[in-house]
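What follows is one structure encoded as structure tokens, with my remarks underneath.
Letters A, B, C and D name the chains as they come in the text, with residue numbers starting at 1 for each one.
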Amino acid sequence: MHPGRYQGRGTEMMPINARITRIVDETPSTKTFFLGLTLDGKPGQFVMVWIRGVDDIPMSLSYPDAITVQKVGDATSALFKLRKGDSVRIRGPIGNGFTLSGKSILLIAGGVGAAPLAPLAEEAKGKKIKVKTLLGAKTGDELLFVKRYRSAGDLQTATDDGSEGYKGPVTELLDGLDLREYDQIYSCGPEKMMSRVLEVAKGANMASKTQFSLQRYIKCGMGICGTCCIDPSGLRVCVDGPVFSGETLVDSEFGRYARDASGRKVRL
Amino acid sequence: MHPGRYQGRGTEMMPINARITRIVDETPSTKTFFLGLTLDGKPGQFVMVWIRGVDDIPMSLSYPDAITVQKVGDATSALFKLRKGDSVRIRGPIGNGFTLSGKSILLIAGGVGAAPLAPLAEEAKGKKIKVKTLLGAKTGDELLFVKRYRSAGDLQTATDDGSEGYKGPVTELLDGLDLREYDQIYSCGPEKMMSRVLEVAKGANMASKTQFSLQRYIKCGMGICGTCCIDPSGLRVCVDGPVFSGETLVDSEFGRYARDASGRKVRL
Amino acid sequence: MDLTTDVGGLKLKNPTILAAGILGTGAASLKRVVQHGAGAVVTKSTGVSPREGHPGPVLIKTEHGFLNAMGLPNPSYHEFVRELEMAKGDVPVIASIFGSDAREFEEVALGLSKASPDAFELNLSCPHAEGYGATLGTDPRKVKEIAKTVKNAVDVPVWVKLPPLANIAEVGLAAQEGGADAVVAINTIPAMAIDVESGYPILGNKVGGLSGAAIKPVALRCVYELCAALNIDVIGVGGISSWKDAIEFIMAGATAIEIGSAVHDDINVFRNISKGIMQFLEKRRCTLDGIRGVAQK
Amino acid sequence: MDLTTDVGGLKLKNPTILAAGILGTGAASLKRVVQHGAGAVVTKSTGVSPREGHPGPVLIKTEHGFLNAMGLPNPSYHEFVRELEMAKGDVPVIASIFGSDAREFEEVALGLSKASPDAFELNLSCPHAEGYGATLGTDPRKVKEIAKTVKNAVDVPVWVKLPPLANIAEVGLAAQEGGADAVVAINTIPAMAIDVESGYPILGNKVGGLSGAAIKPVALRCVYELCAALNIDVIGVGGISSWKDAIEFIMAGATAIEIGSAVHDDINVFRNISKGIMQFLEKRRCTLDGIRGVAQK
């Protein structure tokens, strides 16, 4: 997790033009864009998506050939306006991605954080690894990839308003589990949620068996500009991450603050 | 002989530092410098030799690992001052080189023009091709590589002052030969001498079976600057040559004029 | 698909032009380049008196381009005028000229006019010949004066070739005010290399100019800024070796492009680029005019 | 073999320095670079008020280098002063600052002085932020004024970072007259790239700056000319990624070197270059001082 020389595949890849072949409405706030090309990526890796004339933003691979996007601002709104046949420019896959290991794994996903974990669940199933997923969202119709998680293994859901599954934060579902049954725990979602997962895992002496996919402001996505570096290790989310072991994140800025586009610290 | 895309090997080679391992006095005006490295060159190809702080000049390979230099001006004088252990920077091999073909060949060399033909004679001998050489120089002690030519086949010499061999231009030795006995004729030396060879060959309907190594002012040695281009084909001596078929040279500037460093035409 | 291009007062059958100083020493090699598809050719820069140029090495290949310090070798216009005469033929021949001031530029232009070149390209940008070139090209007043003087002296189009500058648009405007029919950008970027074995600068002249792939993004930026600021044609040059490069320049707003260093890898680069542009336009079902300057929007 | 280097008023354990704007947003990443062997580190350039920077893409890889238009994102000196404090440690930390005039430079320098940086580097050369940077760095009078103002305001060494210019020695002399302890050359070269699929300039800001291998010969020429003209130290930056590159700059006369884009391929580049220099010197049985500037002779 402290590579001197970045080994990630793909950052050398020249950007390519990707024509949108299919758009799927996943939830009221998210859509999946199929890109008509299979990136040689692994779950947890991401691509930089250039919406021409607007911005260049990081998006995880939710399928080998697709990204799943939540509309939150300028660039994602511009993306939502694109139609089948329109194109974006893609660079990637970037970053390390999740490392699959063990015989039984636990996934904890919140909101659009379900995007990078879904292909991991499927890869695990393909390798006959037992998969259990805890999936959370604000409301029932915002639960992302329910079918994919269900067909990959066991699924438990939670919503803030109780419109589906458990009513409350998805992390509370952890109380009912014995974490030691899992060889590896993977999580992606709002950072407050993930830091709660790390806390629980630490309590069970399992911090070294957790992997978290971090969201930080990404500018260059090439390990050069320093925008995405985390305290106190100075590791770069874009090329040293975005996936970090819980051990690396203990006593870090994780769950406490992040930096905005100007580099200013922002409380989470 | 009219390649649209330059095929010559070696121009892509980065210059390398060559330490002089041995210096051999060949004649009062020429020395051979062994460079301690075997260039993957063929007879007739040349290298650009950078004598640091002085100039960068073209020199044919006289051995796989050596150049044989006649002292004529600034750069060659500077080269003559170098000692064993000193170094020059070498780029090459450059150009097309001679094409060996047939069962019996004739070489006509004048002065330091004997340098690129000697390795050709040896290569021919190795391939059991019959070699006959006509070697000319001003005086007997200026005859270059007599031993090498003799051991490669049959040798006849000529000197301007008659101090050795025939007294007179080496081309007059052609009168005693039946050119049709030879499958290919190779020549290197003063251009007036070579143009006489072409004339004789033309007379015997053999122009298409001759190969001449031209000396033109070489600046870039990369086919870019145009200094070495010949009329009327516009072919570049440095990368399209330096070896041209007599057919290409008939009705050209060959034997009549060349250009100096400024591009001005100079009568030969 | 038609690649005919009107540029800087000339009509070209395609927009690829041989750059100055590349295979431009004699009529024969200029004609050979025409055979390989160039839409026009620019000669080696000629001045008032013969120059042998700098000692070697005069051109080296770097990892990402070429470094040269030829030193403006030329036989003077007195001698070159005959070569120019012979060079004329199927495509326009543009005479590149240099001088130390407006008067010298005028003298060379008048001297070469006897051979009726199709246009003149004023080299205001050679980075490695004391007193010539880049020192003139950075000064808008001098650029305007020289352009005006030559323009008044000759009756064919006058192009002004510029050095790469942070404020290139300003200098381009000066050329336009001087009456230039087009500007050509860019010449090489002042640069050097050192031999770590010996500590010697490798070029005989120590400092030279960088050309080839390495400078393409810089040339493209210059062309983009010139096209935004000027009304006259802009001709792009610098690191162009493929049809994609050419399209980038045309999208930036260039009317035509010149090709220099890329002849090293392939003297047929002119034909190949024309072919590539043609295929690109056919696939898109559009024309050169249709894509020209789209990046300005 | 000792690589200790006195440069621009600082003592470094080796002559490799992290360049401004590279992994320099926070104390943590600066420290990580120190762990990888840097002899000193320069922070991201900081100004008077927070800037988010330009929209993306802000950095693209070209065939032979990188193009960036970050747009000087920074949280302002008010916020950055704390980060700077934490960054201090084993090796000198140089605070890079920018402003639109001498007064702003002074304000930022004074503001950051609370964190006691070991030196200041004045960014007079950012090519893609309106009103800042390169427009100042091309004007010798402004360069002198800004250098002098900051030098009078602080009591640590002041370095001036220059844009690539044809007349860089002139601007370097102005910095020296202003009291600079060293000049740093070069910043990126204004450049751009266009997406041929769509005709869009690729960088969010359209125009940006070229860095990396492509610009090495240009940077080397700038350093060579500065070393010939100035008495103060010259720090070379631009396209350095190997010990050979570093030796070229030192032979040109540079006292130390900065490394930017090369961290992309290898964040351990600092240690590797130091090792390579060491081996080179050992083989030659000479010292850094022994080879420094040999190309000037």
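By definition in this document, a residue touches a chain if its C-beta (ideal position, glycine included) is under 8 Å from a C-beta of that chain, and two chains touch if they have at least 3 such contacts.
Since the model is a prediction, treat every value here as computed from it, not as a measurement.
The chains that touch chain B as well as chain D are C. For chain C, the chain whose average C-alpha position is most distant is A.
If you average the CA atoms of chain B and of chain C, the two centres end up 35 Å from each other.
If each chain is reduced to the centroid of its CA atoms, chain A and chain B end up 68 Å from each other. Measuring from the averaged C-alpha position of chain A to that of chain C gives a distance of 51 Å.
Counting partner chains per residue, chain D has residues 200 touching two or more of them. The touch graph of these protein chains is an open line. Contact annotation for chain pairs lists A-D, B-C, C-D, with touch applied as defined.
Across the complex, chain D meets chain C through its residues 62-65, 67, 127, 134, 138, 163-167, 189-194, 196, 199-201, 206-207, 210, 213-218, 220-221, 224-225, 244, 247-248, 251-252, 280, 291, 294-295, 297. Taken together, the chain B residues at the contact with chain C in this complex read 4-6, 11-12, 14-15, 17, 48, 50, 52-57, 87, 89, 219-227, 229-236, 259-265. Residue ranges on chain C touching chain B, taken from their complex, read 21-33, 36, 44, 50-53, 55-61, 66, 68, 70, 73-76, 79-80, 195, 197-198, 200, 202, 204, 260-261, 263-268.
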